[in-house]
Amino acid sequence: MKDIQSLHDSRRIDIRKVGVKNISYPITVLDRARKTQQTVASVNMYVNLPHQFKGTHMSRFVEILNRFHGRFNLETLHLILEEMKQRLDAEAAHLEIAFPYFFSSDSGKDSFCSQRYDCRMSGSLQQQLDLVVEVEIPVPLGVSDPLQAGVIQAEGVWGTVRVSVRLNHFLWMEELITLIEDGIAPVAGSGSASRVEELCLQIDATLGSDDAFSWYKVVVENITSGYSISASVEGP
Amino acid sequence: MKDIQSLHDSRRIDIRKVGVKNISYPITVLDRARKTQQTVASVNMYVNLPHQFKGTHMSRFVEILNRFHGRFNLETLHLILEEMKQRLDAEAAHLEIAFPYFFSSDSGKDSFCSQRYDCRMSGSLQQQLDLVVEVEIPVPLGVSDPLQAGVIQAEGVWGTVRVSVRLNHFLWMEELITLIEDGIAPVAGSGSASRVEELCLQIDATLGSDDAFSWYKVVVENITSGYSISASVEGP
Amino acid sequence: MKDIQSLHDSRRIDIRKVGVKNISYPITVLDRARKTQQTVASVNMYVNLPHQFKGTHMSRFVEILNRFHGRFNLETLHLILEEMKQRLDAEAAHLEIAFPYFFSSDSGKDSFCSQRYDCRMSGSLQQQLDLVVEVEIPVPLGVSDPLQAGVIQAEGVWGTVRVSVRLNHFLWMEELITLIEDGIAPVAGSGSASRVEELCLQIDATLGSDDAFSWYKVVVENITSGYSISASVEGP
Amino acid sequence: MKDIQSLHDSRRIDIRKVGVKNISYPITVLDRARKTQQTVASVNMYVNLPHQFKGTHMSRFVEILNRFHGRFNLETLHLILEEMKQRLDAEAAHLEIAFPYFFSSDSGKDSFCSQRYDCRMSGSLQQQLDLVVEVEIPVPLGVSDPLQAGVIQAEGVWGTVRVSVRLNHFLWMEELITLIEDGIAPVAGSGSASRVEELCLQIDATLGSDDAFSWYKVVVENITSGYSISASVEGP
C-alpha cells in the first residue's frame, strides 16, 4: 500500500481551479460597419491555483470585470487576464465570453436585415496569451424545385458550421464570417449525412490555405434529424 | 380615492395559487404493447386557495405524489387531485405531468426502433375533473429527388405538430399518435410557410370528424427557419 | 350524428392564428439614466385570422419588424401592431418582446455594478391596444449570522419575483423595479415555504395601493429546492 | 510560402470525427436494490476516422444502439464500442450516455422518497477501453436557526458536487453516491465562496484515500449566486 500511495503522490496532477460562471453581462464589441455594437454576454472567469486553495476572494472576479466595463476588445481581454492572474495570485487565468453578434445592413426602407451569429472568445494567460475565437454560422437548407429542374432555393436552416481559430493577425469578425459563408452553398437533395463531411472538408480547405490562421477547428452539424449528425476536423 | 378603492375591492379577482413546479419524478405509464412503460416526468402541482394564504404545507404536495408512486394513470390522476384539494383545503387543484413516451417495435434483430414523443397530461379539479392530453409529433422533412422527377424522400425533421385534446372516451396514446401521423405526409418543395397552414387544416379536419374528442387544439411549427413559423386552430 | 355536427358548428371556436416565434433581434430600449440601452430580444409575432387561412405571407412579420429597427418603444409597439393587423388582414395582432435589461450605476472606479432583469412586453391589438409589462426581480438569499445574533446578510439568490402589470400611465422600468425591490427584504431563517406566501402578499399590498396599475399579477418562486415553490396573486 | 506549407503538413493534426449527438433513448440500467431501473438517456456516439472521410454510414450508429436495446450496462458498453470501431472502420470509438438515476426507498406508506442524480458514462475505445463514470450530487442548503444557537437545518439546494472517476473495480452507482454524500454536511453561515473550496478539498481527501479510483475529478458549484461559483481538483 505504501508504494501505491507514493506512486499516487508522484503522479499527483493537482490542478486546482476556482472561478465564476454564467455571469450575464452587457458588453460593447467592435463592429466594422458601425464601430461598436452593444450586446449581452455570458462570461466565465477562472484561475489555476498552486497546491492549496487559500480562501480565494471570488468577488474579485466580478470587480475586475466591472473595471473594464464598456471597453471590451482583444486588447482589454489581455489586460483583464493579467489582472486576474496578479490579484488572485494565480499560475494561469482564463476568460470566456460568449455573445450574439448581429450583422446589420441598412440599405434603405424595409431592407434592414439582421442575422445573428453566436460568437465566443476564450483567452488563457500563463506565460503568454493564447486566444481562440469561435463563430457559429447557420447553413441554409436548400430545397430543389422540381418545376425548375432542380434549381435550389434556400428555405430554412439545415444546420450550423462552428469554426474556432487561433489568429496570426487581427481579423474583423465580419471578415471571418464572410470567408466561411462564401464557401457554403445551400444544402439540398439526398445525402444529408455525406453532405456533413463534404462541407467539413470544403471549409477545411478554405481555412488551411489562408495565412491568417495558426490553428483552426471546424465542426459541421446537421440539426434537422431529431438528433445531430456532425463531422469535425482540426488543422492545419 | 375612496371610490376607486371600493371599485377595486368589488373587482378584486383574488386568485391565490400555491404550488410546486419542475419536480423530476420517475413514473410508470400505460403502454398498449408492453402494458407499462417507465419514464421520467416533470411534475407541477398547485391549488387555488380562498382569500388568504394561511401557511400552506408545501411538503404535502410531494407527500401525496409519493403515495401514488408506481401507479400513475388517468384513474390515479383523479385520486391525486381529490387528495390535493382535501388535504390543502383548496377550491381547486391542478396537476401537470410532462414526460417522453417511446414507441418500441421489437421485430427482430437490428430492427428495434424507438421514436420519442413528448406528452403532457393536465388535470384540474374544481367540482368536476377536466383533463387535457397533449402529444408532440415530429413532422418528417421530405426532400424531392430531382433525379426521380420529384419523388419525396423523408430526411430529417421539418417541424412538429402539437395536438391537445379533451376526450369523450379512453384512447391509448398509441391510437392518438397513429391517428395524427396517418394524416402527415413528408413536407417538401417550395412553400414551407403555406405548408404550415395546410398541415394545420388537414389535422383539424381529421380531429373534427372524430367522435373521440370534445375539444382539440392543433399547433403546427416549422423549426427549420432560425425562428419558428407556426399556425394553430381550435375546435370543434 | 347530424345533430352533433350542427352542434359542433355552432360551438365552433375557430381561432386561427399564424405567426413567427423566437426571432433573435437586437433592440434599443429606453433607459432613464442613459437615454437608451441596446440589448438582444427574443420576439414573437402572430395574428388572428378570419375563418380560413389564405396563404399568409409569413415573411411580412419580419419585414415589419425591420422597418421599425432601432426605434423600439411603447409608441412604436403600437404602430407595429397596427401594421401587422393591416398588412396581414387580421382581426387581431400580438407582439411579445422578451429581453434582458441592465441597471448600471457608474459611481467611480471599481464600483460599476450591473444587475440583469429579465423583462417582457406583450401587446395585443384588436380594437384597442392592451399592453402588459413584465419584469423578473431576483430575491436575495439572506443568511442569519449566529455570531451576530441573527443579523441577516444577503448571500446569493433565494428566488424570483415576477410582476406583470397593466399601466394607467407611463412608468420607467427603473421605477417599477425600485418599487418592488423596496418591499423585498433578504429571506433567511426557517420557513422558506411560508416565506413565499408572505412575500407574495407584501408585494400585492404595494401594487394594490398604487394608482399606476389597472391590473397586476405577482408570482413568487423559491428556486433553492431542487424544484420550485411558488405563490401567485392577481389584483387589484 | 513553400516552407510554411510543408511545416503545416508535418504539423497536420488531422483529427477527423463523425458522429451523432443528442439521441433521446430509453435505457435500462443496473439498480442495486431493484436489479434494474428504466430511464431516459441522451446518447452521443462518434468515431475517429483515418485521413479522409469516405461517406460514413451515419445510420449505422443508431442501428448498433438498437441491437443492444434493453441490455445496457458496463459490459455491453464495451461491445457497442467494439462494433462501432469495426463497422465504421474507425481508429477509435466514443460513446457518451447521460441519464437521470433515481434512488427510491419504499419504506412504508407516505415514506417513498425519490432523489434524482444526473449520471453520465463516457467510454472510449482505441486499443483499450477507457471508461469515465460521472455523477452530480445536490448539496443541501443549510440555514442556521438563531433561536437554537446556530443549529443548521437543511432547506433547499445550495449547489452541486460533480464527481468523475475512473474505476479500479466495479462499484454500484449507489456506493459511489453514498461515499460522496457521507462527506457533505449542509452548508450554512457566512462564506459561501470559501465553502466551495473546503467542500472540494474534503471530497478530494475522501476519493484520494480510496483504492477504487485510479483517477478522479471533483467540481463543486454554488448555484445560489445568480452566477455559479466553482472550484475543482483532479487526482490522485
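To keep things simple, chains are lettered A, B, C and D as they appear, and every chain counts its residues starting from 1.
Please note the rule applied: a contact is a pair of C-beta atoms (placed from the backbone, for glycine too) under 8 Å apart; a residue touches a chain by one contact, two chains touch by 3 or more.
This structure is a prediction, so every number in the text was calculated from the model and none was measured.
Distance from chain B peaks, on a Cα-centroid basis, for A. Seen as a C-alpha superposition, chain A sits on chain C after a turn of 180°, to the nearest 5. Where chain A touches chain D, over half of the residue numbers in use are shared by the two copies, so each contributes mostly the same positions.
Between the CA-based centres of chain B and chain D the separation comes to 31 Å, rounded to the whole angstrom.
Remark: chain A and chain D have CA centroids separated by 25 Å (rounded to whole angstrom). Chain A and chain B have Cα centroids separated by 37 Å. For chain B, the set of residues touching two or more other chains reads 24, 116, 225-226.
By the touch criterion given at the top, residues 116, 138, 141, 143-146, 149-150, 153, 155-158, 188-190, 192, 222, 224-226 of chain C touch chain D in their complex.
The touching residues of chain D, counted against chain B in their complex, run 24-26, 37-40, 63, 66-67, 69, 100, 102, 104, 106, 109-114, 116. Across the interface of their complex, chain D is touched by residues 4, 8, 11-24, 46, 53, 55-59, 193-194, 196-197, 200-201, 208, 211, 221, 225-236 of chain A.
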